[in-house]
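The following pair of complexes shares a single chain, chain A, combined with chain B in the former and chain C in the latter.
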Partner chain A sequence: MNSVAVVSNLMDSLKYLGPNLAMAIGSLVLLMAGLWIRSSCVLTILTSLILVTAAALNIPNLGLLSTQYFSGLVYHDAFSSFFGFIIPFIILFAVVMGHYSKELLADRKAEYMSLLLAFGCGLLFMSSSNHFLMAYLGIEMVSVLSYALAGFHRERQSSVEASMKYVVYGALATGIMIFGMSLMYAVSGELTISGMRNFVHSVPADAIPYLFWVGVIFSFAGFGYKISAAPMHMWTPDVYEGSPTPVAALFSVAPKAAGFALLIRFFVVGLSLPVVDQDLVLLATKNATQPAYLAGGLVSWAKFFAISSVFTMFMGNLAALGQTSVKRILAYSSIAHAGYMLLGLTSQNREGLSAIMFYIVVYCTMNLGAFWVASLVEDRMGGDSLKDFKGLAKKAPLLAVLMAIFLFSLVGLPPFVGFIGKLYLFIAILGQKMYGLALLAGVNSVISLFYYAKILKAMFLEKVSEETLNIQGQIPKFILVMLFVLAVPNLVFGLYWEPLMSWAMTSLDFAR
Partner chain B sequence: MNCVLSWITFFPLLGILAILFVPKGKDDIVKWISVGVTLVPLLLAIKLTTLFNYSVGGFQFVEKALWIPSLNVEFHMGIDGMSFLMVLLATLLSFLCIFASWNIKKQVKGYFSMFLLLHVGMLGVFCALDFFLFYVFWEVMLLPMYFLVGIWGGERKEYAAIKFFLYTLFGSVLMLVGLLALYFYSTGPNGLSPATFDLAQLSKINWSQYTLNFFGMTLPFDKAVWVLLFMGFAVKVPIVPFHTWLPWAHVQAPTAVSVILAGVLLKMGIYGFLRINYWLLPQATQYFATTLAVMGVINIVYGALCAMAQKDLKKLVAYSSVSHMGYCLLGMAVFTAAGMQGAILQMFNHGLSAAMMFMLVGILYDRLHHRAIVTTDGKLGFGGIAQKSPIITAAWMVAVFSSLGLPGLNGFISEAMVFLGAFPVYKTLTSVAALGILLTAAYLLWMVQRVFLGPYVALHKDESGHYHPAGEIPPIRWNEWVVLIPLAVLCLWIGLFPQPLINIFKVSSNMITETLR
Partner chain C sequence: MSGLANNLSFYLVVSAIMFVFGIVAALSRKNTIGIFMGVELILNAAALNFVAVKLLQTKAAASPTQDGAIFSLFIIVMAAIEAAVALAIVLRVFGVKRSIDPDGMARLRG
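Let's look at the complex of A and B:
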């Protein structure tokens, strides 16, 4: 089964590591540059160049065969390249957002950007790790930097509090994950995802003790924490609310993307959920001694993910209903969206996985946009509650229209791309005839409309009694351009999404 | 005349584009652009009446192109007689509603762009022959409606807008599940043919052979999907337990939006039933026929009783819409040629008379700033308008008598056809429904008596909310004439010579009946 090439030589391995290296070196460069360069503008341009380079460094690797390098610690395959492309761009938006944000003090911009680059490096490792140790290091690298970023506004009590909460939850979740992994190791004697694959392929289901599956579920705690799946979601609203808004925007998309990458790899490659074509063939020709991965052991993974997904959706959406802070609304909505994305794992087929990857990309565009508008409003109105959004359509019509596009996309209304994202997730689960699940997900979309509409209502419907100040004029033109860059795919992919979908489909090629 | 349906549907998008570039303050230009871009689809639709082949039942002016190959989604448009009738109605009302919106003052550019976007959604629904495309257009309408009611509406506009939005989205999410279920089963039991959203191909499949597992229950596939789709359309019609958004949305919406809501959007529910449920799932439709007929009768009687209890003129008209949509449901539930034709004609007729009534409510509101038939302190809000304004009264009479089915006006024709078709099938139900005619006459005539007849005691509401005796009532303005005259002429014309209009949809209506009998 394990036909993939393993590169052990250090120098040969390095050529796969281009993007990660670019980010890591870039992070150091910025730390140094910050000592001399005070201009946030120059720093932003420098960081952006590094990020674009990091993304571009994926290109020479595209032609290379799928491999495990560094003696099987890290993967290189189409799947990791997919995230290798999108993660630098997510960071790029966070960098630009930070450059303009008034929440981040001017003399700390270099630190901020340096942290972001290191953060990005961690994300890349998360999305390509094979070894449990590497996965743990990736998660921790991201987490530790997240704690620093959440508490970046250290003079503000809420920021420090956010950081502290994040630390406590993070320590607990990764602790449980490590414990789970150690249980898995105790049973199988394997520490790599590909090794786990060999294990479940070679040992019959009833020969694997319960302990192994308990370990798997414990490991899910760690991934679930990163993607903020219920019940590991509690930190999300508080951290998003306390963190500087550009950081919250980043948290709502980037760890989610990398977390899903790791989650998918762990379950699909490691536990061999029958989602790849060859496995389906195997499934069709069931032999007498069923290997463990077909039986799934104790746990029906479809049910496991279905329950987790429904629970996460309802937790996110119901909790969002009562919120008045837009950042908190968006935080709960990001929990709900993690729930939608988990639907893709429920279906356990290629359609489901590609739907998740498609959704991650489109979710990034809409959520980054929504957070950015929230950040702009917060900077200018002094708060992010619904009443600060009141009459935004008068004060900054363009901003309000852009926000409306992002929100409608988040609801999942055609012709915006959020609808297409949800459509593919629905198609995946309905292809498996899970009608009840699809109905529950649909009901959740309707619930979510209610709180998104509260923002719309504040922006468009409510009258502003006081003198309407025009804040659109204060917003730098470049921000508007960047917001357009986020808004245009929401419309264009909503009408023609074939290229994006086929990219997600072809990226479902795992090295095993 | 290639792509004529695309031109009809998408032409107003050009108008939105043009409106974006109109400098601030030039509201008249915005309005005239809107007139222009809605006039073109109307003229094209009228031109189609000469090109349309009335003797065949299939789809005409078909446009087909692959849109998303991986899902087999097609851009597939075409019209048969029934959808052609709806296209005529929608283009006409869209055009007239631009004039009905002439006195919009607030955010004129936004209003007219949203209105034109609504036009795209409406026409798209009537022309789409691919279920996915249909769904996209169906949802596209929600967005402008939310803003039109929410921004330009009355005092409780926010509540009305979100209620409309939530109800409709709930219905359409269920519809989405239903449509995806159809899509997946369309590959056949061995998954040989590619899955499709094409309505014509979906209609060829015998859906009753499948079953569907829902939380451990095994349900017959076609009936389960029928119910899912039904929910989507029932909210739009609206069928009685799902109707509570309607009085809110109608009453709070600005005049022109009420006109479009009653005139076109409600018909979309009925059109959806006929196009999707009836065509794709005929066996389930037969199974649910009696249910549908009972619901129709409940709509007729309950709507009429509610209308009778209203003290707000616009709410009365709104409930009368609920009641009148019941006739459509009854007519189409009996599967007789007359019943079906009556139901389709009733869609068109109610489109005219409800549009006219809402327009006239708007005209009275403009002049007296209230809609209370009876004010909170028990005085007549309008009493004796006929004394001062015979022209408005005359227009009202046309709308009222068309609505209550006076012979010689359009309402009579369709209601008579519905009853003729329904009576042989459901004798008791039809008799109960006939009670609805009596109730309709009662609430409308009672309204006429309290609003138009008697001594002139009409009140005017000032900004602080107090009522004062109204003075002279300003005459009808030119833009109001433009709306009222075509509607009144059509009401009279269809009442006297319905045959040309029936000929448009007769063949396709009979085809629907044939497949179900």
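Let's look at the complex of A and C:
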């Protein structure tokens, strides 16, 4: 490509980049605005406007053809705009949560919001990257800002320790990932996901050296770290417990959403798992029962993801049983949920992938809500252990009821949306006749009931001996409104989930 | 140039050795700074791979791309960024705790 073509490609590409640009510019604006504007309220409104703009800038791009832009660095397709809508809204809730949190000092709110916007920009790049370099930069952008956010309460020992643990694990995981990518590059000579796809299609599977698959598995270390899949989950409980609760809420959903986006794109498009190409494969082989895994590759990715998923679910759920801190329970539950979502990749069909995307959306609503209630209780009771939740039904009935909705949804009880999400994941597994795996996942759901029930028992059944103080009156009305905004989808989508599901289905249109 | 320098597996073996040393250092060091030195080794092993592949591609192909070389430049830059943030965090930890031994982080248990 000559320089004129490069420049015109750049200019053409900019129109797809609206949301990312809005986030990046907004981050700089917030950094400057913090010098003059001291009012946290004004800053929150400003940030919210930027985030809504970022989400709205996706709309004109919806009808545009799926394509690669910036000379093949980044994708624009239905899949990336799905995450382009979700990510700004996750950040929005984290911003409002931070505005009301007493853990974040008032004079640092502008920095917090600026970091969050840059964090969101990194997430958007993660979910739309085509080139390994872009994926690496997106992951690093998110990681480096996560380290800073985890240690945001820099006078508190637990916060800086959380930050240090995060940075040690994070640096190691991304290092292993980048080494894996270099091995893949050494074998294939390709650095893009679409190039990888061509490579896997053009070379017979048994002619691809083992080194390539070693590289793929090393790369999984980086993605697995972002979605906290076992055995890269060790950092999760400590970081969630130590970092300020709004930040922990953000960590539990946002990197997971973008990490799954990258994981799906890497494996489904790059290594062409027989998901997108199902029809092509069927045409080629004329045999519906034998999908050509990885064009006949050496590793059975269904088994790989099945093992990873089961391991992650058990690690999360069993460790959560003995915990007394609600934040730690939610941290282990978020590990377990990563395991459930990996089921969708195990099934390797469109149903599984759309179930993952459906689950990501509903998981965001329930987990953000649960963390927010934990944050409110921590701010007012001085701790987040189970005994601080004792008698919450008396002290703040509305909060207790909302928390119950979020927890029931996390368990996956009907009529809440968590049930529908899990149902779709299980159906995808059963459709591939993996009955043992479905049984293990069901056992895990039952285990998870025990520790969620511990929180419910503390809130509703345990008597408080001291004089019951009503903390509901202290909670600003707007927080309750926002909590309702999170709780309503849990009920509504639990009864009428068709629109969300069809959106997830149509978003599976990848550019290649 | 000798035959050795034209052989990709030579570079891969060197980088694999660097990678293993990096992992061992990161897992066994009792000092956070030492862990980050291990991570640096891992990143440099990856950068070496990228440059080596690009070098051999240039020799083989008629119209070579610069992707591998650019990638290794970005790795160097990102390693510097990560080190800057990590050292700032380590300084904070030392300020709060007077120690940077990761095993001494008993406040949050593994």
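A few notes on this one:
Operating definition for what follows: the second predicted complex is superposed on the first by the 485 of 512 C-alpha atoms of A that agree within 3 Å, B and C clash if a C-alpha of one lies under 4 Å from a C-alpha of the other, contacts with A are read in each partner's own complex, and residues count from 1 in each chain.
Quick note on the criterion: a contact is a pair of C-beta atoms (placed from the backbone, for glycine too) under 8 Å apart; a residue touches a chain by one contact, two chains touch by 3 or more.
Fair warning: this is a prediction, and the values are worked out from it, not measured in the lab.
With the two structures aligned on chain A, chain B fits next to chain C without clashing. With chain A as the common frame, chain A serves as the apex of an angle whose CA-centre rays point to chain B and chain C; its value is 140 degrees, to a multiple of 10.
After overlaying the two complexes on the shared chain, residue contacts for A:415 are found with chain B alone; chain C is out of touch. In the superposition on chain A, A:37 contacts neither chain B nor chain C.
In the superposition on chain A, contact is made by A:442 with chain B only, not with chain C. After overlaying the two complexes on the shared chain, residue contacts for A:450 are found with chain B alone; chain C is out of touch.
Once the two complexes are overlaid on the shared chain, A:189 sits against chain C while remaining clear of chain B.
Taking all C-alpha atoms of chain B against all those of chain C in the superposed arrangement, the shortest distance found is 29 Å.
Within chain A, not a single residue is touched by chain B in the first complex and by chain C in the second. Residues 8, 12, 15, 19, 22-23, 26, 32, 35-36, 38-39, 42-43, 45-47, 49-50, 52-53, 57, 67-68, 70-71, 74-75, 78, 81-82, 85-86, 89-90, 92-93, 96-97, 100, 102, 105, 107-110 of chain C are the ones touching chain A in the complex.
Those residues of chain A that touch chain C in the complex are listed here as 132-133, 136-137, 140, 143-144, 147-148, 151, 154-155, 157-158, 160-165, 167-168, 171-172, 175-176, 178-179, 181-183, 185-186, 189, 191, 211, 234, 238, 241-242. Only residues 408, 411, 413-415, 419, 423, 426-427, 430-431, 433, 435-436, 438-439, 442-443, 445-446, 449-450, 453, 456-457, 460-462, 496-498, 501-502 of chain A touch chain B when the two sit together in their complex. Across the complex, chain B meets chain A through its residues 67-71, 135-136, 139-140, 142-143, 146-147, 150-151, 157-158, 161-162, 165-166, 169-170, 173-174, 176-177, 180-181, 183-184, 212-215, 224.
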